[in-house]
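Next come the structures, one after another.
Shared between the two complexes below is chain A, which pairs with chain B and chain C, respectively.
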Partner chain A sequence: MSEGADLTEFVAAYLVETEEHLGVANSQLLAIEASLRKGESNPRALRETFRALHTIKGLSSMVGVEPVVEIAHRMETFLRDFDREGSPLPTRAVDVLLRGVRAIGQRIASLGSGTAVAPPPQELITEFDTLGAPLPQDQKPLLDLDLEPELLAKLAPFELAQLRTASEKACRALRVDFLPSPARAAEGFTINSVRERLAGLGEVVKALPLAVPVSTEAPGGLAFALLLVSDAADDVIAQAVGIAPNAVKSLLARSLAVGVDPSERALPPELVEDERPGPRQAVVRVDVRRLDDAMERLSALIVTRFRLARAIAELGADGADTRAIQQVMSDSARELRDLRAAIVAVRMVPVAELLERIPLLVRGLCRHTERAVKLELEAGNAELDKAVSERLFPVIVHLVRNAVDHAIESPDERVRRGKPREGLLRVSCSSRSNTRLELSISDDGRGIDREAVARKAGRPTPASDQALLDLLCIPGLSTRSTVTTTSGRGMGMEIVKRIVIDDLGGELELVSTFGVGTRFLLRVPLTISIVDAFSFECEGQRFVVPVSTVEEIVEIDAALVSYSPMPRGDQPRVGIIARRGKAIPLLMLSELFQLGPPRSVTAKAIVVRRAGQPLAFGVDRMLGQQEVVIRPIDDALIRSPGVTGATDLGDGKPTLVLDLSQIGAAYAALEVAAAE
Partner chain B sequence: MSDLHVVFEVAGASYALAVECVRQMDSFSGATRVPGAMAHVEGIVSVRGRVVPVIDLRTLFGHECVPPTLDTRIVVVERGARVVALRVDRAREVMKLDPEQMQAAPDAAALPARGFVRAVWLVGARLLQVIDLPKVLGEDENSHENYRHGFFDDGARDRRALPG
Partner chain C sequence: MSSILVVDDSKVMRDMVVACLRGIPGVEFAHASSGLEAIERLSLAKFELMVLDLNMPDIGGLEVLEFVRGQDLLSKLPILVVTTRGDEASRAHVLAAGASGFLAKPFTPDAIIAEVEALLLRGTGPAS
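Presenting the complex of A and B:
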C-alpha cells in the first residue's frame, strides 16, 4: 500500500516537472521559428529545447512511460545533430517537433488521469528521418576571436556563433577575467555576484575556469574568463566585475586566425557540464493540494477563533471581566491575518506563466484559419492565486480563439480595408489593486455587428456595449453558428461569463467598435478564499454576503413599503421602498428562497447594485460582520444561482454565502421568462 | 477489491455498497438547505472541512421524508473527485459478501427503480440491493430528470411542510 502511495507522489512530481519542461520546449521552438522567419538561426533556443527533451526523457524512463521516452529520444537525437553543428533547423522541422511535444503532452496527460498511455506515433517518429541532416558547417577559418586556443576549444559552435555575431545586434563580444579571493568576496565580488551583475548588462555566453599562477590576487590559483555579449560601455562592465576599465577586452579587437584541430572540437553537449552556478533562485515545487491542505488547517483555526470569540462574548454577557482576554483575541486575529497572507502569497503564481501557453495556441489557430496575427503579451509582474489562474485559463483561451477565429479578418480582407496585413492581438494585464487583476484581450479585427447579433437573438438592437455583452452571454445564442460568422463573437460567451462572474466573482466588460476592433476587459479577484462578510438571518436560517458587494444596509419602515400588483400569485412579490428620494425594488429573500410563509414586513434590507441599478433584499436581522473562509460549492447537485459558496460561522454547519446581485439577475431572468 | 460492503437501511429495505466507495459514516442532525436544489438534495453538510451535498435516499427512492432520528446516518461516498453524503435511516453493518452470489436485479424490479438498483444479494433470509452509485449521484444525466425544478420553485416546498 505504502509503495502505491509513494508511486502516486512520484508520478505527481513527474507531472509537474514534465509540464514545465514541455512548456520550455514549446516556447523555445516558437522562438526558433520566429528566428528562422527572420533568416537567423537560434542556437541557444535549440540547445534549450534539446535540454528540455533530454530531461523529459530521463524523467519518463524513471517512471517507465516508454512511449514518451521513445518520442523524446527521437526528437533529442534529431536536435543533437543540429546542435552539434550549430546549424539552423529546417523550417518544417519546427512543426514536426511541436507535434512531437504535443504527442508527449498527451501521453503524460493520460498517465496523469490514469488512462492507458498510447503507443508512440510511428508516423511522427519516422517523419524525423525525412527532415534531413544538418548541413555540415564548414570549418570556417574565421576563428577571429581573440582567445587562447584552449579556451576556444571549450566553446560549443553555437557559443562561437553568438560571440561572432554580436556586432549584428549592435553589441560587442567581450572578455573580462575575474580572480576570486576572500578579499574580493568581502567586497561583494564573487563569481556568482559578478555573473549576476553581468547578466544584467548583456548575455554571459560562457564562464570558463582558468588555472593561473598563485598570487595575492588569486590565492586559489583560479580565475574565470567571462565571455559576454553586451552593449554596455567598458567602465560599466568593469564596475560590475570590480576591475579597471582597461581590463575589459574586446574579443574581436584584432583579427587572429587560429585554427582548431577538428579532434579538439567541442565535446558532445551532454558531456559539457553546465558550470553555471545556479542562476535560478531557490524554488520549491509544491503540489497545490498541499497548499490547500495548509489553507484548510488555517481555515479551521479561524473557525476555532470564532468559537472562542463567541464563548468569550457569552462570558462577558454573564458579567465576567473579559478585557484582558479581548486584547489577546485581537492579537490572535492579527496574527491569523498575517499567517493567511503568508499562505496566500505561497499560492500565487506569475500571470506570465499563465500567458506562456498563448503563443502556441495563437500559432495553431493562425494555421487553421489562415490568419496572420501579431501577438503582444504583457504580463508584467502580476501574480494570481493558482486556483484562480487555473479557472481563468479556459476563459483566456476562449477569448483568444474568438479573436483569431472570428474577429480578425483574413489578410486579404484586411488589406482591402486599409488595415495592416497582420492582425494585432494584445493580451495584457495589470494588478490594479491588491485584490483584483485586470486582464485585457483586444484585437483590431472587424468588431461586433450589434444589429446582426440582435437579429439572431430576436431582440432589439442593444444600445450599449454592456447590453451587447448581456445579449452575447445569453445561453443558447452560441449554438447559432451564423452569429459567430457574421458578428465575430458569441461562441460560448455564456461560459466566459459563468467563469468570470459566477465562479470567480469578477467583472466582464466589452468595448467593441464595428469595423475597428474589440476589447474584453476582465477584472478578477487575485484570490478567492477569504472575504469580509455580513451575516444575517432570514426565517431562522443564517446567510452571509461579502461586504464588498453590499452598497448599504437600510432599516425598513413597514408602513412605507408598497407592493406592485401581482396578477399571478405564484411569483415572489416585489415591494418598492424609497431611498433618498428614489424608489427602489425590494425582494423578500425568505420568499425567494421559500423559507417560510409570505410576509410583508422585514426589519432590514441589504441594498446591492445589479446592472448599475440599486436593488434591496429584505432580511429579518443582521447578525454582524466578520471575516469568513469561503469554501467552494463545486458539486453540480448543489450549484445554485446566487450561492457562491459556503462558510462555517463557528457552529460546524455550513452557512451559504450569497451573491445578491446574482440572485437579482436570476430573478429578473425568471420574470422575463414568465413574461414571454 | 475486497468483498466488504457497508449495509444500510432506507425505508425498511437493505442496501449494500462496496467499502471502497465509502469514505466515512457520520451521524446526522440536519443539513443547510440550498435554495433551488432538487427535492432529494437535502442540503449541504461539512465533512472534514469540505462542503458536500446530502442526498436523501428516502426521497430519491420515492418514500416520504422523515425527520432525522438518533439512528439516521450519512454515508459519505467518494467517486472520482466528487464526495457526496447519502442520508440513510440506519447503517450499522459491514458484511463480507461473496461476489459469486450476486444476482442481477430482476427486470420487473429494476425498471421501476429507474436503474438505481444494479443487483441483489440473497444472504440467508435477507435481501440486499446493490445500488448503482453513478445513477444515484446523478452522473447519468437522465436519472434525476424527474426531479429537476425551475429556479426557486423547488421541491423543498414539500420538505418545509414536515415537522422539525
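Presenting the complex of A and C:
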C-alpha cells in the first residue's frame, strides 16, 4: 500500500455522497410513478435513477460494501434494459425499486454507525426476475429536426421526442452553439456555467461537443451544441450563453408556423432577470461537530477579548491614554459579532431539504391505509439550524402520520361526505422573524372529535382548541383503541409537545373543526445551542455541566477531606482533597446553593480549572452524560453568574446549566485556601 | 510537471483517485465533473493524462473518448478509463473506442499508480 492512499478515510464523504444519490433515486422513482399514473413513460427520470444507482455501486465497491454493490447491480441491470428500449417501467417495478433503494440506505446507515452490514435481501433481488422485460418501442423516423445527421444520431428517442413535442407545450426547440475559450472563461462563460444558466430558462435536452476549425473565437477547435426547449425569448437565451440573439436557432420548421413573434414574448430584461434563478451555488456539506468546534473557538476568542478589555480599563485607570485602543476594541467587538453571525449562518439548512423525505413517507402511508392523499409542500427559502431541523423532523413525521392515518377519511367516506376523493395534506412554513420559523401541517380530514378525546381521558369536554391540545398531550392518550401498523402507538402527541415546547422552546397551536379539518401550527426558534453535558444530583436537585469544562470526576473519601479552619462571614466551608499528591480546594455545591444542611458524606467531585488552578465541586451523585439543548434564561431575576442557561433532561422540568469555574470565581476564599 | 485531468461526476471518486496518485512525483491534478467539462478543459489546456469515468451526466465517457480521439490535437493523449463495468467485453469495447488503459472498480491504490506511471512513461494514445 502506498503512503497516504488509504481509502477508508473516504467513508465519511462516501456516506454523504451516497445519501445524495439515494435521494435522487427516490425522487426520480416517484416522478416515474407520477408519469405512469398519467399513462406516460419518463425516460429521463429512468436514466437519472439508473445513473444514481450506478454511481452508488461504483463508490460502494471502492469502500468495500459488497451487499450494497450487489443490490445496486441488480437494480441497475434491470433498469438498463428499459433505458435502452426507452420503454415504460411496469407499475409494480417502481415499488420494488423503492424497496431496493431503502435496502441500500439501511446498509449504508449500518456502515455509518459501525454496525454489521446485513447481506443483500435475496427475495428482493430475485423479485426483479418476475417483473418482466421491456417491450420494444416503435421508433418513428424524425426527419423534421433541423440538425446535422451526426448530431441527430447521438440523440436518444426520448430526447428527439422531447424536442419535437416542444411546441405542444408552448415552448420552442432551440439550438445555441457555445465556443469555449480562455477569454470566455474569464468572463464567466464555461460549458458548466452556460448549461446551468440555460437550465434556469428551460430544459437542456442535450449538449454535444463539435469539432470546428481553430480560430480566435474557438482556439481549442471546439464548440458545444446545446439543444434546449424553452419559452424564453431569443435575447434572454443569447445573453445566458454570451452570444448574439440571431445565433439562437430554431430546430423545428413547425414551431415557426405556430406564429409566435419572439418580440412579443420578450419581457423587459430587468423583469426576466428577477425571475431567473441564479446559477446554482457550490455546496459543501460539513459535519455539524466541526461547526460546533468553530463556535467553541469563537467563544474562547470572545473571552480573550473580555480579558483584553479589562486590561485596557486597568491601564486607563492608571492614567494611560487608551482612546486609540478603545476604537480598535469596538471594531473588534463588531467583527466578532459578524463572525458569530457568519458561523450561525453556516449551520442553517433549507427547510425544503427537511421536507424532501415527506412525499415518500406519505406515499407509503397511503398504501397501507388505502387513503388517497394529495400532498402540498411549501418551504420557500426558509432555513433552519441543522440541530433544530434534526429534532423537528420526527415531529413532522408524527403529525403527517396522524393526518393520513387518523384524520383523512377513506376515499369512499370522503365522497359520501361531499368532499373530493383525494384528501389534502399541506405542509408549509415561513420565517416569521429573524428568530422563529412557523410550520403549519393541515389536512381537510374529519377533524378531532372532542367528546371522544374527553371520554378517553376521563375529563370534561374541552371548550377551546388550546384545552383540546392540552388534553391530547396527556401522556399515554390515544384516541384510537387499536394499534395501527402505520401510526402504531408510536410517539404520542406528548412527545410532539415535549420536543417543540420543552426541548426547542417553541410553541404549539391547534385549530380543529369537527368534520372539516385540523391544523397544527408550530413556532420554533431558528437556532439552538447544544452541548455534551454531564448531569448530576445534589440534594435531590438536578443540574448539568458541559463536558468540555470538566477536567475530571473523582471519588471522594469523606474521611480524607480536611476543612479550612474558619469560614468567614457568608463564605462556605472549603475542603481540601488530595489529587495525585496535590491538595485542591473542594466546595460542596449543596452548601453553595443552600439546598440543605452541610453534609459530611459526598460521593463524587467534579474537577474544573479556574485561572489555571484545579478546583473541585462535591456533588451527591453523577447521573449520566447526554447532549442537551441550552436555552438562554431571559428572566433577569433568575439570571445569575455561573448559570449559563436552562435545559430539559426529558422530565419536562427546567434544569440549570452551570458554569462551575465562574461559580468558583465568586468565592475568593478558595484561592486563600489553596495557598495554605 | 505532468498535469492529470480526473473526470468523474462523483467528487468522492475524484478525491479517491487523486489520493491514490498524489504520491507520484511531479504530477498535478485538475478535476472535471462532467464529460462536457472534460472536453472543454482538454481543448483549453495541455494535459499529459486523463483518468476518465464512463458513467456521467450529459455525455458519457465513451462519447468523450470518441470525440477526443477524433481531434487531431488530442489523438495522442493517454486516457485511462476507470469503470465499474469490469467484464472482458467492456474492456474490449473501451479499448476499441480509443482508451489507452482500462481499470475496473474497485481498484487498489497500487493498481492505479502502476497504470498511470506506465501511461505517463509511454506517453502516447490508444492502446495498440
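Methods note: the second predicted complex is superposed on the first by the 397 of 676 C-alpha atoms of A that agree within 3 Å, B and C clash if a C-alpha of one lies under 4 Å from a C-alpha of the other, contacts with A are read in each partner's own complex, and residues count from 1 in each chain.
In the analysis below, a residue touches a chain if its C-beta (ideal position, glycine included) is under 8 Å from a C-beta of that chain, and two chains touch if they have at least 3 such contacts.
Values in this document were obtained by computation on a predicted structure and should not be read as measured data.
Legend: residue contacts after superposition of the two complexes on their common chain; A:Pro149 is shown touching neither chain B nor chain C. Once chain A of one complex is fitted onto chain A of the other, the partner contacts of A:Ser181 are limited to chain C, with no touch recorded for chain B. In the superposition on chain A, no contact is made by A:Gly200 with either chain B or chain C. With both structures placed on the common chain, the touch criterion links A:Met62 to chain C but leaves chain B unconnected.
When both complexes are overlaid on chain A, the residue A:Pro245 reaches neither chain B nor chain C.
When the two complexes are overlaid on their common chain A, residue A:Gly132 makes contact with neither chain B nor chain C.
In the superposition on chain A, A:Leu592 makes contact with chain B only, not with chain C. Chain C contributes residues 9-13, 15-16, 19-20, 22-23, 33-34, 36-37, 39-40, 42-44, 53, 55-59, 63, 67, 70-71, 73, 83-84, 105-110, 113 to its touches with chain A in the complex.
Note for the complex: chain A touches chain B at residues 296, 299-300, 541, 570, 572, 592-596, 631-633, 635-638, 640-643, 645-646, 648, 652-656, 666-667, 669-670. Residue ranges on chain A touching chain C, taken from their complex, read 1-5, 7, 9-10, 13-14, 17, 51, 54-55, 57-59, 61-62, 64, 154, 180-182, 185, 190-192, 195, 206-209, 211, 219-222, 224.
Looking at the complex, you find that chain B touches chain A at residues 30, 32-38, 41, 43-46, 49-53, 55, 82-84, 137-138, 150-154, 156-157, 160.
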